[in-house]
Every structure is written in structure tokens, then in C-alpha cells.
Amino acid sequence: MNTLLNLLINGLSTGMLIFLLASGLTLIFGLMSVLNFAHGGFFAWGAFLGVWLFTVTGNFLLSFIATVIGGMVLGWIVEKILIRPVYGNHIRQLLVTLGGMLVLIELLRVFWGSNPIRAGLPKWLEGSIDVGGVIFIKYRLFVILVGLVIYVMILLLLNKTKIGIMIRAGVDNKEMVQALGINIKGVFSFVFLLGAGMAALGGFLLGPYSGVIFADMGMQYAVLAFIVVIIGGLGSIQGAAVASIIVGLAGAYTAYYYPDLSLAVNMLLLIVILLLRPSGLLGEKGGV
Amino acid sequence: MLRVENLETYIEQFHILQSVTFEVIEGTITVLFGRNGAGKSTTLRTIMGFYHVSRGGVYYKNEKLNGLPTHVIASKGIGYVPEDQGIFQHLTVEETFALAKKEKDPEGEAKAEWMLEIFPDLKKYWHKKSGYLSGGQKQMLAIARAYINSSGLLLIDEPSKGLSPLMVEKLMESIVKIKKKTTILLVEQNFFMSNHIGDYYYMMDDGKIVHQGFMNDLRKDKETVRKYLGIS
Amino acid sequence: MLILFTQIFIFAIFAMSYDILLGYTGIVSFGHCLFFGIGAYSTAIILNANDNTIGFFLLGIAIAVIAAVLISFLIGMLSLRLQSHFYAMLTLGFSELFLIIAEKWRSMTQGGDGFTFQVPEFLRDRFIFYFFTLISLVLIYILLRTFTSSSVGKVLKAISQNQKRTEALGFKVLHYKIIASVIAGVVAAYSGALYAVTLRFVDPSVFSIETTLDALLMTMIGGVGTLFGPILGSGAVEFIQHYLSELGTEYSIFERWPIFLGLLYIIVILGFPKGIVGTFKSTVIKRKENRKEKEGLLKHSA
Amino acid sequence: MDALLETRNLSISFGEQEVIRDVNFKAPKGKFLSIIGPNGAGKTTLFNLLSGQLSPTKGEIYFKGQNITNLSAAERARMGMGRSFQLTNIFPELTVLENVRLAVQSQRKDFYSILPKPAKYRKQLEEARRLLDMVFLKEKEDYLAINLTHGEKRKLEIAMLLALKPNLLLLDEPTAGISVEEVPVILEVIENIKKDSENTIVLIEHKIEMVLALSDYLVVIFNGELLVEGEPGVIMQDERVQNAYLGGLSHAASGKS
Amino acid sequence: SDSSSSEEEKDTIKIGVLASLTGALEAYGKQTVRGFELGLDYATDGTGEVVGKKIKFIVEDTETKPDVAVKKATKLLEEDEVDFLVGSTSSSDTLAVLPLAKEYKRIMIVEPAAADSITGDNFNPYIFRTGRNSSQDAVAGAAAIAKEGVRIATLAQDNAYGRDGIAAFIEAAKERSAEIVAEVYADPNATDFTANIQSAISEKPDYLYIVWAGSNAPWKQLKDMKVQEKGIKISTAVQDIASLKTMDALIGMEGYSIYYHTLPDNEINDWLVEEHKKRFDGEIPDLFTAGGMTAAIAIVEALKKTEGDTDAQLLIETMEGMEFDSPKGKMKFREEDHQALQSLYSITLENQEGVDHPVPVLIRELDMNETEPPIRNQ
């Protein structure tokens, strides 16, 4: 029973972390339909920036906020230079952002060297609480909390404002949105930098999760984030959340009960879900 | 209200509009005629700022429009119904309305209501994705969207395309109604329809204005009609 | 630099096979390395388990081809109905699965570090193998060119532009897509086999997404849907990478040479969206048109 | 009468909404049928069902005496059913000629040939040029289809349709967006097809004069149901049709002609 | 001048060094290269010459891609006509290059790639390895903790490195009559290792033995799961200094080390530490610096014995069984598989004043006989 609970809690929090990594991508890839491979670069930058800021200032919340802002600035630059010219063309997006990813990762090495770096935590988040054999790792509870907050914020943003509609309309027919007096380029930039900010946040939180950060972490988690967005159904933030939790829990339970499957579990999930539901869990069936 | 002077537009290396000049008077319906490929749609698109103007100017309420980005032009109150309807396939009717409604426009709600009155079908499919609407329903949506979004001038590119006679009739009625509130520049091949509702017309051919006058006069001028529209 | 050219030829074959999917059929696959890897592993395993004779080399290729046909057919049947993004991710899933198999089926693949093996005497000479790959490249180019200008090839081009319309004309789109995948898969498997033979070594990195992305990059830089483009693309990518890395060991400003590589990719993709061949073609066409126009004017004035 | 196409209780729903309900209709061989009805009545959907773009929730479709309800769009096309689309639907980045040639190819039964056959190819090109000539597009054969005007695209569509040598032609508003002066051209093309007595044509069209000029038989769809069918003269007088579809305009239009 | 330059060529011994200088393993690659350079200086007394011949070395970046490694190695062998190859950082790169050594009949010194199969299944006579292999690691790991009646659980990455490491460890541990109670492998790229840790410690072992390489390590999660507080001791290999900085969760653990600058006690190592600090801004030599140095010393020693003759056959005969001094003390190329037998160090991790990372403190040196691995190339 304790084991089951431990697995549940850890699986859930890992799921939440994955959701944080994927949430930015749901906006950028799911909603705006930009195949952004540099997303992994945003994670890694978020992680390094966060750890560096935390070491320098010693203030976790300040580093938290500054990292998100830093991620947004990065997103703004990337959008302006790389994405602007290639909206609507997936292959070129993929390759341009791949180039961007190379540059971002190498720049990390220029600034912080090529060694892994320890990601620390403030005292109040360190350690774990043992309640009758069930171990609650404080930081993981914190991650679950942040994940929930972000989830609600994105839902509000998409449902209570016109931004979501604008973007979907913009993907369908950019000219026409402009003809409605909407500066769609501005909206796209905004959402892109928001997504980048969220990616940076994900990276920031990922660092202390495992305790180490390294330049190559980006690519690895980028693929994971793409998987989650696809499994969830493009553009569906609820779908991404559900998929993240499934991936998190599946990871925990297979690692415990069927360890031989753990390497393959994400890919098997992806394959099975797509074969059963060709447009993802909460994606729309069939296109227009 | 809208003045187009010596407009020259190139698309890539093709010289499409060649010194087009015309004017749309406030409170009227001005019709742009011409055969396929004459340059009617290009004219509208140029006004909306989709194409770069190489010479000449577009003036709206004496303000120069060319050179401004499309969304700025649109926010001056010009609504646009494109030739291919420009439907947002993945938005529901409701969402399309929400998108079209301007935050600051106090009449937005009333306009939307009125459009639903004129096109009850839209009300019926309020939660349906626009991509699934029938051809005619899409046309209605496009017009409603432009009207709600605009405040002064509507540019409409072939609205009667694909509408049933009953619908065309309704549309005519509604355009006449709309005319009381906005000025309209209409591109229309349906001579019958434009004949009924137009006040003033310009005839385009090969990227140039070749004829113009009052609609009333054109009705009598069988010669011109036959020459450019092939109708007797 | 015989070996550099040999590898360029091999990747050119691989990139051409990708072009059949991407450029000619409009299928985006993130798992094309799957076939490359199957080719590499089949050949390597057969040669390692048996004598290093030409016979077993050919057997390895035969097995690679058969496996590629079966797997591409199966995956195609299962998933080519999916919409593009989903299909791309699904292929990524399959290729990652093969990567895991290559790591975990240690009795067969010797695990993640890979293994070395002996190649036939005849192919051991670098010079001979260089010609062998060159001839392979030329032959496959001709074969694929033939294929793309065949009826099926034309239909593929149509599918890439408007799938629904193609269907309405009476073509069974799924069949054509499967044909394209199978052919692309077989060619990719062949290139994988050659790759293993040049290295005399194989490891699971042949199944990694980087392998697919390399092919994609080569195809894009060379020019999508041109078949000749991927050959140039392969040359360009390999050369650039090779010389940048050389610069990296020689000059300390180039120590972080991947930055320059990334920037170069960005510049090329943004600056030459049609790739080398595409850009060349369109400039030539423009020039021709200009000339025509001038001639026309002359005629008029005359 | 020998029906080339027949539907039995054909129905389809999207979610709650039943867009086509129990439609039974017959298209006799060699006749010219027009389907009219208000916007959103379900005409295009009916076409989509007939040509296999959608599959019905209920009912059957018979073509040439065979039940084709479960055949794919491609298979139906091969049986001799051709359709045009309400929105233009072409291969934008291919030349005009190549667009038509592809359609010709689909009729030549060498579906899966992976070897080029230049002689055959040349024949297909000839045929394609002939068809382009029929729709007055020959001059533009080297244009990329995307660069045509709307009207030209429609003509191209018809040429592609003709290339299929269909026994049954489904035309969805072939003249929408075509200038008045060009309409006769398309009319001429359609009449050409009609002359071949083998061919059955089903037309969706809102231009009532055109419908009257061409049709042997009218089918009125209203709210997804078959409202009435019959000879044009009879239908035009039907009060229900006038209320639901024609409106006051019909009088004006018919009065004029 | 043509003849003189070719004369010079003839009198120059060229060595090609393959290492990962970019990408995930670049820190290791750079250590090897530094160490190699220092080693040449040391072994030639700063002259850069051995028995009158100049030694020149050329470094190439394998980018941790086997095909690039082969390309670069071929370039070294054909264009630069090197007499020796040294490398490489990753086992895959190294394996890919092995056949070339045989084809071109040149000696290759493997350093620091650790896969057993290099001197096992994929062995060829031109291969000599100065680096330790996974089995030696495992034997050292076992020597550090395995005793009669000790219950051990293992945790490793589910890849070749982890699987080979654990297999060899279990063999060695069983020889020492320890009991293995759980054997757990984790996805090396996973975000969360708590489930694996939980499964490993569910049998309440005395020790949790871990084989792990790479950055994405479970150290912090071990602490989060309160493993040590439950009375389970952790044991693993100590890595490079950068990784040590991330291992503060493991203070107190007992494990082994391949190299840490304070562990070996000999003059060569003193020289290495001294010289390294001098040349590199006060930095201390790291995990694979000593290995790079050892590779250089081995080559120079062999050349001294052959009097500068680079004939591969002669070199093989000379080097088989050759003993030489290294920063890690005496080493010996075993005749059967050319693996250098060497010392490893049983250690415990401690916090030390003024050092920004946990410091491995010597418990005892495991000498080359104690760490001798099984022969696997037959």
C-alpha cells in the first residue's frame, strides 16, 4: 500500500513536471502549429539561468520570476529572427529551430562550461516528510502546486480572453484575421514568448527535481514534450495535462513493476494511443 | 469617403492594376463590375493593404491608407468580405462572432444581434465549426463577420456567389438595410442583384476602369452592358 | 579524403530516399532512420555471425531489403491514414522502439556500445568501396529518377499537393503512399547496409532521431523534391560539418564550432528556402523569362 | 426507366443533426438532373455521400446496379463517377496541363506502373491538351494552377472531370463566381457532355435560369429531405418550392426570360 | 628541401589522439588531451623526443559519433600517417575505430573508453588499453563492500555500461560470498528515479551499489528517498570533479575511485598535480587526466624499448607484458588481452574544509592484482 502511494505521488508530480515542460509547447506547437525544436533550448536555458540566478541571489522566488522573464526575452528573440519567416511551413520551422537549438545549447556551454551543474534548493523546499512509510518530497509537492496554478492560468487565458480564438483563426487564415483589425503578428509573438517563458519555467523547476542540469538536457525533454502534446491532442491544454499525468504515472509504475519496459513505455504509449485514437486523447476527430 | 487615385499594383512582376481611379460616396453602394481577371478582387485587396502599392494612393476619410499594415486599415472601420470567404475553419460561429466584435465598439452586441436576425441559419449553427457549414452559410458568416467588425465601409467581393435565389433576395434586402448604416463597395457579377441595389458603378477591364456612371443610366445603356457583361 | 566522399555518397542515397517521402509524396517522417538502422544491423549481424564473404554480404542486404519492405508496409498500413503531425510522431515512436530493441536485445546486437565485424575481402579496399558506393549512388539515382517520372511518381506528386483531389480522381492514396514508403524504406535500408560496411561497426545511434534529422537537413539544403538536391545537400552538410570541426581543433575561436554550424543552417534555411537546386532552378527560369520578355518586346517593336 | 444511380433511405448525421434524412432518388441513364434547394439544405453533403467523401449512417447507394455503399471514393471514381467540388479543388503547384494529364492517367488503368512509358505519356498529354482546348484554357497550359483566376480554375476543374470520362457527372455549382459573360462557356461545355446520351449529369446550381435551360428533371432538397421532384415546369409552380427556395426572385427571373 | 622534410618525416613519430571535444562528453575528452600532452612532456623530459626522434601529436574531435570517429581516424592514418592512435572518450567511437588499427597495422592505445568488449569480443592484437575496463571497476566495487553475508542491491542504467558493470560486479561480489538481493535497471533518460530506487531498497539491503555514468544522475533522489537514513549504505564509483559537485547527497558513502589527485602516492602523480596547476591556472588534474598521461607514457616507454622502431609487430611483442610507471603507480599490459592491470582506490566521501565538493578519502588502495579482471577475448 505504501509502495502504491509512493508511486502514485511521485508519478503524479513527475506528470506535473512534464506538463510544465509541455504546456509551453501546447501553445506553440499545439495551438500555433509551429514545430519548434528550439523548445528544448528554452528548457535548458531556463534551467541554467535559474540555477545561476539562485546561486547569485540566493532568492528562489526572485530567480523563479527572473527566469520566466529571461525565457520570454529569449522567446521574443527567437520568434523575431527564426520563426517569423517560416510560419506555416513545418519542415522549415523544424530545421531553422534545430539550428537555433544547436546555437542555444552551445551558448550554454560558452557561458557555463560543459560540465553538469548542481541545482540547489532553498531550505524550505529541501528534504522530505516521511508519513508512516509514505515519503512526501517537499519539492515535488511544490511542483504539483505550480503545475496546477499554471494549468488554471492557461485555461483562463484561452477561455476567458480572445487570444485562443485569435490564434486558431490566425492559423487558419492569417490575412483575414488582420482584415478584422487584429495585429496577428503581435499576437503570435506574444503567445510564442509566453510559451517560451513557460518552457523556461519548466526547465527551472526541472533542475532541482533531479538535482543536476546539463547542456544536453534540452533535446531529451523536448522529445518528451512533443510526445505529450501529441498524445493529448494538438492544442488541447486539458489533453496535454491528462497525457502528462498518464506518462508520469506510467513511468513510475512500469519502473517498479515492469522495469524492462521502462525504456519503451513512453513510445509504446504514443504508438498505442495514436493507433487507437488517431488525433490524440482529447484531440478533435478528423479535420475540417 | 473612399478615394482611390491612380492606383498601380504589381503582383510579383505582373502589372495588375493600371492607374485605377474611383470614389465611393458615403451612404451609397458602389458596384465594381468586370469580367474574370479584370482586377476587381485585386483592387479590394490593395485597399485592404495586402498588396504593396507601387504608385497612387488610397484615401479613406481623407487619410492615406496605403503603406499602413492591414490590421490598422481594418481598425479604421473598414470591413472586408473576401472572394473565397476566408472562413476560419476551426472556429465555431460563436467564436467567429466573438473575434469580429471589437472591444471598444458599443454597438457590437447590437450589430451581432441584427446579423443573426438577418441570417437565422447562423443562430442555428451557433456552436458548429465554420468548416462544416454549407457553402451559403459560410458566405453569410463572412458577411456578418465583416459587418460586425466594421464601422463605416464594407468591401464585399461577390457575395451572391453560391447563394440560392431566395438567399440572394434576402441578401439584397439585407444589404439595402446595411446600406443605411454603412457605405458599401461591392464587387458583383450578378448583374440582376447589383442592378437592384447599386447606386453608382465602375466597370473594370484589364486592370483599368473603362466605364462609370449611375446605375440608373446603366440599366438603359444596353450597349455597354452587352459589351462588358455579355448580357442582353 | 576517400572516406569522406564514401560517406557523402551513402548519406546521399539515404537523403534521396527521404526525398521520395518528403519531396515527392509530402509525407513527413521522423522515423526514417528506422530503415537505415535495419539495413545497417542486418548486414552487420549477418556478416558477424558468418564468414565475411560477398555471399553473406548480399544475404545481409537481401534480409535488410525484405525487412524494410515488411516493416514499411506494416507501419504504412497501420499509420499512413493518420494526419501529418501524428504520423510523424508515430514514426518517431517506432524508430525509438527499434533503438531500444537494439540496446536491449543484447544477444543479437551486443547492446548499446555496438560491435565490430569483418567485411568481405573485396570491399575492404577503401578505393574499391569508394567506387562501389559511387556506382550504387548513380544507379539508385537513375532508378529513383525513373520511378519519379513514372505514372506512380506523378501521382505521388499530386498527393503531396492535394490528397483529397487525388482520391477523387480514382487513385487509392493509401496504396500510393505505401508504395512510396516501401521504396523509400528499401533504399534507406540499402544505404544503411553500406554505412555499416564502411564503418565495419554498428551501434544503436543509427536508429537515433539525429540520423533522420540529418537526412531531412540534407534534403532541405539540397532542394526538396529534386532528387539531385539531396546529393548536393549531403555533400554540403558533410563538408561543412567536417571542415568546421577541423577548424574547431585548430583555432580556438572555432572551439565552439557547433554555434557556427547552427548559424549556417539558419542562414541557409531562411535565405534559400528552395535549397541549392531549387534556388538554381528558379534563377535560371527567371533569367529565361526575362530573355523571353525581351525577345517579345523586340518582336513587338519590329 | 433504367436508373444509373439510385439511393435508398440515404441518411447521415453529424452529431445530433441529421443532415440528410431518408433520401430516395434515382438518376436515370442519359438524363440531366438538377438538385436545387436552399443553402444548407444538404446538397453538397448528398454529393459527398454519393461520391464517397462521406459514408452514410444509414441507407444504400446503387451505381450501375451495384451496391457501392462501402466502396471508397477512389473505387467509385474508377467505376465512372466524377465530381466537381464547390470550392475549387486542384493541384496548385502543378501546371494546368499536368493537372489534366493526371486525370487522364487515372482513366488509363496503369495505376501502379513504376516505370516511365514515354509513348503513353505523350498520348496522355495529347488527350489533356484536347480537353483544355474544350474549356478554352489551352493558352494557359504552362501556368501553375495556383496562378489562374477563379473562373479559370473552375474551367480547369471541368477539364479534369471530363478526362475521367465519367458516366455520371456530379457538378457542384460549376458556375459559382464565374462572370456572367463566361457562364455560357461553361454551359456549352456541359451541353457538350450532355450530348453524349450515355452520360448522366447531376447538377447543383443556384442560377435558376441555367437550371431551367439544362435540366430534364428537378429534385428539390429541403432540410435534408427530398421535398419534391419532377419536370422543371411542374416544380417551378410548386408553392412549397417557391416559398422555401425561390422567393420573389423567381418571378422576376422567369418573367424576364 | 624536399628530401630533408621527408627525412624529418621519417624521424618524426606521429600520434593521433581521438577524443570527444564537443558534445556531452567533451569535458572528459579534454581531460584526456591535457593529460596526454603532459604525459609526453614528462616521459621525454620536456624534449618532445624519444631516442632522437621527434614526437608530434594530432588531436581530432570524434563528436561522439562513430562515423565521425572513423572518418577522423582514417584521416589520421592516411593523411597524417600517424604511427599510433590514442582514444577515445566513448566506447562506441572506440569500437568503431578498432578495425582500422588492424587494417592499417598501427597500435591503438585505448583511453579512457571502458567497455569490456574492446579487450573482449572485439579485441584485435593492435589494441592496448591503459584505461581501466568495466570489469576492473566492478571488481573494485566489490572489493570495497562485498563480504560474507552482506546483502547488496544494485541499481544501474539500463544500457550497456550499466548492464556490463552490474554483471561483472555480481560475479565478483558472489566470489566474495555476498548476497545480491535486488537488481534494478533504470531508464537513463528518465526524469524520475524514485520508483527504481524504491524497488531497489524494498528488500532492505545493507548496501545499494550503483553503476551510473552521465549527467542525469539519481543522487539527489536517493537523498529525497532517505535511503541512507534507512540504514542502507550507498556505494558507487566516484566520478570527475564536476560530477562530485552534484554528489553532496552521498557524503559518507563507501565506494571506489579510478583517480582523484590526492589518492595515488607517487612521484609521477606529484609531478602531474604540480605541473597541471602550473599550466592550467591552478586547476587540479581530473578523472581522465591521469589516463591521458598514462597513454603517453606507455607509448614513449614502448618506443624506448624498440629504439624508436614503430613496426607494429615489434611493438606488440614489446608491449605485451610490459610494465611501466604511471601517475597511478605501476601498470602492466596483460599478455592475453592487452588490458593494463592497475590500481583502483577504495574510498569514502567526506566533506572537507575549503573544498567545494565532497572529497574521496582513501580507505585502501586496491592493487593491480586485486582488481585483475577476467580475460574475455578468447
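Residue numbering begins at 1 within each chain, and the chains themselves are lettered A, B, C, D and E in the order written.
Throughout what follows, contacts are C-beta pairs under 8 Å (C-beta built on N, C-alpha and C of every residue); 3 or more make two chains touch, one makes a residue touch a chain.
All figures in this text were calculated on a predicted structure; none of them were measured in a lab.
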{"item": "Neighbouring chains common to chain B and chain D, by label", "value": "none"}
{"item": "Chain-contact steps, minimal, separating chain E from chain C", "value": "1"}
{"item": "Pair with more cross-chain C-beta pairs in contact, given A-B and A-E", "value": "A-E"}
{"item": "Distance from the mean Cα position of chain C to that of chain B, given in whole angstrom", "value": "49"}
{"item": "Separation of mean Cα positions, chain D and chain C [Å, integer]", "value": "42"}
{"item": "Distance between chain centroids, defined by C-alpha means - chain D, chain E (Å)", "value": "75"}
{"item": "Contacts with two or more other chains, residues of chain A listed in rising order", "value": "109, 260, 263"}
{"item": "Multi-chain contact sites of chain B, meaning residues that touch two or more partners", "value": "132"}
{"item": "Every chain pair in contact, whichever chains are involved", "value": "A-B, A-C, A-E, B-D, C-D, C-E"}
{"item": "Of chain B, residues touching chain D in the complex", "value": "34-37, 41, 83-84, 121, 125, 132-137, 139-140, 158, 161-170, 189-192, 228-231"}
{"item": "Residue numbers on chain E that touch chain C, as the complex places them", "value": "21-22, 59-61, 63, 65-68, 70-71, 74-75, 78-79, 91-92, 95-96, 98-99, 103, 115, 117, 121-122, 158-161, 163-164"}
{"item": "Complex interface listing, chain E residues touching chain A", "value": "23-24, 26-27, 158, 184-187, 189-196, 198-199, 202, 215-221, 224-226, 240, 242-243, 245-246, 248-249"}
{"item": "Contact set on chain A toward chain C in their complex", "value": "81-82, 85-86, 89-92, 94-96, 98-103, 105-107, 109-110, 223, 226-227, 230, 234, 260, 263-264, 267-268, 270-271, 274-275, 278-280, 287"}
{"item": "In the complex, chain B residues that touch chain A", "value": "48, 50, 69-72, 74-75, 80, 82, 86-91, 95-96, 98-100, 102, 129, 131-132, 145, 149"}
